[in-house]
Amino acid sequence: MMDKIKVSILGSTGVVGQKMLRILENHPYIDVVNLSASRSKIGKKYSESVAWVEPGDIPERFRDMKMVSTDPEDHKNVDYVLSALPPEVAEDIEIKLIKNGINVISNASPFRMAENIPLINPELNYQHLELLEKMDTKFVKNPNCTSTIMSMPMVEVLRHDYKKITLSTLQAVSGAGFTGLSYMSIDDNIIPYIHGEEEKIPAEISKMFGFVSNNKIINRELNMYVTSVRVPVKVGHMGIMNIEFNDDIDIENFKNSLRNFTPLKKFKNLYTAPKNPVIIHDEENRPQHKMDLSNGMEIHVGRLEYKNKNLRMVILGDNLVRGAAGITVLTLETMNEMGVA
Amino acid sequence: MMDKIKVSILGSTGVVGQKMLRILENHPYIDVVNLSASRSKIGKKYSESVAWVEPGDIPERFRDMKMVSTDPEDHKNVDYVLSALPPEVAEDIEIKLIKNGINVISNASPFRMAENIPLINPELNYQHLELLEKMDTKFVKNPNCTSTIMSMPMVEVLRHDYKKITLSTLQAVSGAGFTGLSYMSIDDNIIPYIHGEEEKIPAEISKMFGFVSNNKIINRELNMYVTSVRVPVKVGHMGIMNIEFNDDIDIENFKNSLRNFTPLKKFKNLYTAPKNPVIIHDEENRPQHKMDLSNGMEIHVGRLEYKNKNLRMVILGDNLVRGAAGITVLTLETMNEMGVA
Amino acid sequence: MMDKIKVSILGSTGVVGQKMLRILENHPYIDVVNLSASRSKIGKKYSESVAWVEPGDIPERFRDMKMVSTDPEDHKNVDYVLSALPPEVAEDIEIKLIKNGINVISNASPFRMAENIPLINPELNYQHLELLEKMDTKFVKNPNCTSTIMSMPMVEVLRHDYKKITLSTLQAVSGAGFTGLSYMSIDDNIIPYIHGEEEKIPAEISKMFGFVSNNKIINRELNMYVTSVRVPVKVGHMGIMNIEFNDDIDIENFKNSLRNFTPLKKFKNLYTAPKNPVIIHDEENRPQHKMDLSNGMEIHVGRLEYKNKNLRMVILGDNLVRGAAGITVLTLETMNEMGVA
Amino acid sequence: MMDKIKVSILGSTGVVGQKMLRILENHPYIDVVNLSASRSKIGKKYSESVAWVEPGDIPERFRDMKMVSTDPEDHKNVDYVLSALPPEVAEDIEIKLIKNGINVISNASPFRMAENIPLINPELNYQHLELLEKMDTKFVKNPNCTSTIMSMPMVEVLRHDYKKITLSTLQAVSGAGFTGLSYMSIDDNIIPYIHGEEEKIPAEISKMFGFVSNNKIINRELNMYVTSVRVPVKVGHMGIMNIEFNDDIDIENFKNSLRNFTPLKKFKNLYTAPKNPVIIHDEENRPQHKMDLSNGMEIHVGRLEYKNKNLRMVILGDNLVRGAAGITVLTLETMNEMGVA
């Protein structure tokens, strides 16, 4: 029997860290051996360190694990550190781990745009993982939750000659973390601004759709206008995307291509990969948070309407699973299958 | 002392009807003399006929008014009938009133696109009221709540040579009426479709910005792509509008023009007209439902960002006041000042 | 291999019916063979008849089943009809089925208080199922969702000599059905009244805790004061119960008795029975809807505080699973094990 | 013309402080001359120091006021300091002001139970203000929001010989301050515990209903069991109160006494005093947050049901107005009329 991949979870008490534990609870070949969070929790049991918010109880096997630090010496025993650290502390901690020879796959924003570090949404650009072959210590980033979700159906958009993409994102409260927004500030309200988001989304997507040259990612140029607002839903980022093409497209072909977009089929043991990463809905009242987030790794697309070279799509994805915890696990699984892990 | 304008309220027990009563409760020169609703309520007191949902109690002076029918004979004693009828019954009732010589100003959708009936958002097109001069019986329509709100800042957009307008509307639950959406269907959810809305909005706006010729409205052609979704907020429709211009615009001039857009200043006694119909916000987290709906007749515009001939605005308005009950009262006030009432 | 128990689901398109299908989707020995709902849906596929609201998709095996009527001739082929009918139609339909020799286990309110029909919350009074032995056609009722949940920890209360029970129930919106309450009426609001609830709860609980004599249930007298309010949560009924005892009780014994209350342990194949029907929480901020409804068949009890012969408990249960769909399935499973099915 | 009473507002940027400014914006004889908040805001304009959350804009006259410290020297120019300070800083600041001869009326919890400091809910115990006559520097406390609201109808309960009072309080999110609870923690959830609340409520009420003897308040003994839970509504604390009396009461007399409870009628210029502090509702679905909080100083009582010497009432009040900002203003107004201010 193959040895399991040993991992640490950094930021394990946050909302994304908790979701990682849920996903990895019964994983067939990834084994969580270390949990860490902020310094004050070192030495405590996980169950005493966490304000558990995931539905269901803390998985039994993690309850009594003793919290360790984020220092390199506490992670010498793992193959990979999976980081769900908050951005303000991630930079220092992650760079220290890398300098000490510890591999990191990270959800945190620092270094996402570094040209020599792959920014992976596996179905879209697992090929960028080839950059790792020349790295002694592996360092991989995952995109922002919204970039991850909205980029998925763009794979088909970018196969055509388009003029402009206009995107409005309606983002869930959990995207700001469990305590990021008070009830009084967002209930029965919409906040029409999310700091940094409107810059990150096009930048990160342009890197994901870039190509590798001389061990660097050359970003793809995009003409994309993004507006991001916070809406009072707990989980699920929705996007309304309007694309203007230069030439006519065949909308049925477009939909079929997305339905049949299964680039990871060639890999065998991707336990978190959805059968179809993009689900196309023909019912006019889909996608909906209430109906379409039960498999958190799928991206749901509906309201496709095409006229006069203009296409409209409504996109929905789970910001905690596909947008954060799940994408990191899928990235590691893909690396393992490609032989770069 | 001038005689008061006598009005009936049709659909007086609905959410828009109640809002009309609140607005007219202490009106200096409009006097509500008849209330009607569905047939089963005729003869009952208003207070026994209504499921009152407006904040605060039923205005004392309406509590004991006896409900009348919607038939013409019950409205011979008024100068105007103000209609907040549901669309499925409005057509027959309104046409019968008109045929019997009773003037009607109506919020309901039937006949909104009729070329000889003015569709009035007073600041934008009070001039269209001139059509009334040749009508024996006056029949005026108000636009859909979303059309009303979103059209307001477009007054400045359409002064420039633009290529395309893309609009995403995030619409409040009250837009579907008090019982239109169940809690289970919309709480913690977004429904990405509102029946008929995406067609109505550009059509009605093209009529509002049309011009009068031969006693008809000639619609203005628009190149506008609209997506409408229902969000879990109670009151307030928000729009994210992206405009591409053909030539560069001066964004500061654009904002100032909207700030100074006060076309009704020439009229004296418009009690419901806001001093400035368009409020421009420079703070990046405005407009918000929580902060910007206390004067329900104003339209709030923020997040103005201009680059490469592309302008983005976030628009917010009160769908029950400006979008429905208030616009009807302001229409009557304007007609009165213009001498066509 | 044992033959499976064949069942029909009546009211299969409602929120409780859907939950039954979810629970029975992979049941090892109960097989759903008929689905019915209102007359207008007869002959249609289930997927075309239902507004599916359960998380996740319609189970594949039910999608294409053809809807049948509620008439007896359509249910001759089953061992049991499970009824999730709305109360206003349940009486006629159920009595007709019974008269035609078709066994019924029902969630609906009519006949719940009939002295010769068992009203079953399995852990509490499976013994009442002995009444079925003399019935040619089996007719079993399940209690109201709130009665079901609140009665569970009362098993221990009623072992002591008590003076009075005061109960405030904070009930979820789904208890009124999927479309029972509009968003505008209950969001950010509490409605301090639920029709019929305050009478049903003590009456049904007095029957559940009654005893069998001459093939009838003799109700147990209760001194219980109930107030029921509707709160803006989607799933989960909470109760605040204050009990005054006549003599001192040992609170630790009380808690342990509830923890060890496992009356169904003697039966082997109860697939929906929770290992422990009552979970006692010592943390002061439990139970919570967000944390404690993942196993919908458990009843969660916390905030136990005892002083001066007065005990306070906060009780929480899933009104759709334990309170409706799950209790019916567990009732059938128990009947099967007892040999009365 | 009488000189206005000059006041400072401490904690002026919090949710209660903002509400005070709204109430005092146009007050006929109270003039806000100083605003203070945390040290870091000293010298800034109010509009730059506050995250304004009250509906409507910041009152014009306060926008540009320069923030001062909470130190005594900054408040020598006022007649009274009104304190809406958070409890953790209130003790030191208030005691320092008092020691420096500055009068304080405070909402904050420290010293509420001190026997020589009146704890005032004006209608209930304005008589306790007589304690001030012998104080050189006046120090008055207002009760906790829930104590304030729930005590009001108890005035009639305590006129009778009762055995026990059981109270369940369903408290709004704003009671924890604007940022006290995250959206993720309380939306679609109930938290069955509020730190300190269950002790404070009976203690404070027993003091409010106490009597003055030797310049001290002797608390009234109460037999009261309280459970407090947090519910997902923004404003409005509801209580379900069950009272067992020793003798039969006349329920109609009881209701009429509450309806006619107008102890402040003797004072003339109480601008914030409601005409009737207790409103009795006979409709079974009242009181409701949605309908009954428009006059924030009234306490609404409904669902009165009496049987077997047991009375049940549902009580609702505005926790920000009557429960905090309004009660402080009304206290000062009453002191002014009584000649102790």
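As written, the chain order gives the labels A, B, C and D, with residue 1 at the start of each chain.
Here is the rule we go by: a residue touches a chain if its C-beta (ideal position, glycine included) is under 8 Å from a C-beta of that chain, and two chains touch if they have at least 3 such contacts.
These are the chains along with the protein names UniProt gives them: A, B, C, D = Aspartate-semialdehyde dehydrogenase.
For clarity, every value in this text was computed on a predicted model and none was experimentally measured.
Shared contact partners of chain B and chain C are A, D. Distance from the centre of chain A peaks at D, each centre being the average of the chain's Cα atoms. Two chain pairs are in question, A-D and A-B; the one with more C-beta pairs in contact is A-B. Centroid to centroid, with C-alpha atoms defining each point, chain B and chain D lie 40 Å apart. Separation between the centroids of chain A and chain B, computed from CA atoms only, is 42 Å. Here the CA centre of chain A is 48 Å from the CA centre of chain D. In chain C, the residues touching two or more other chains are 53, 185, 187-188, 232, 234, 290.
In terms of inter-chain touching, the protein chains here all touch one another pairwise.
Taken together, the chain A residues at the contact with chain B in this complex read 164, 166, 168, 170, 185, 188-193, 225, 227, 229, 231-234, 238, 240, 242, 244, 284-290, 302-303, 310, 312, 314. Residue ranges of chain A in contact with chain D, taken from their complex: 15, 53, 173-174, 178-188, 232, 234.
Contact residues on chain C toward chain A in their complex (touch as defined above): 52-53, 55-57, 187-188, 290-291, 293-294.
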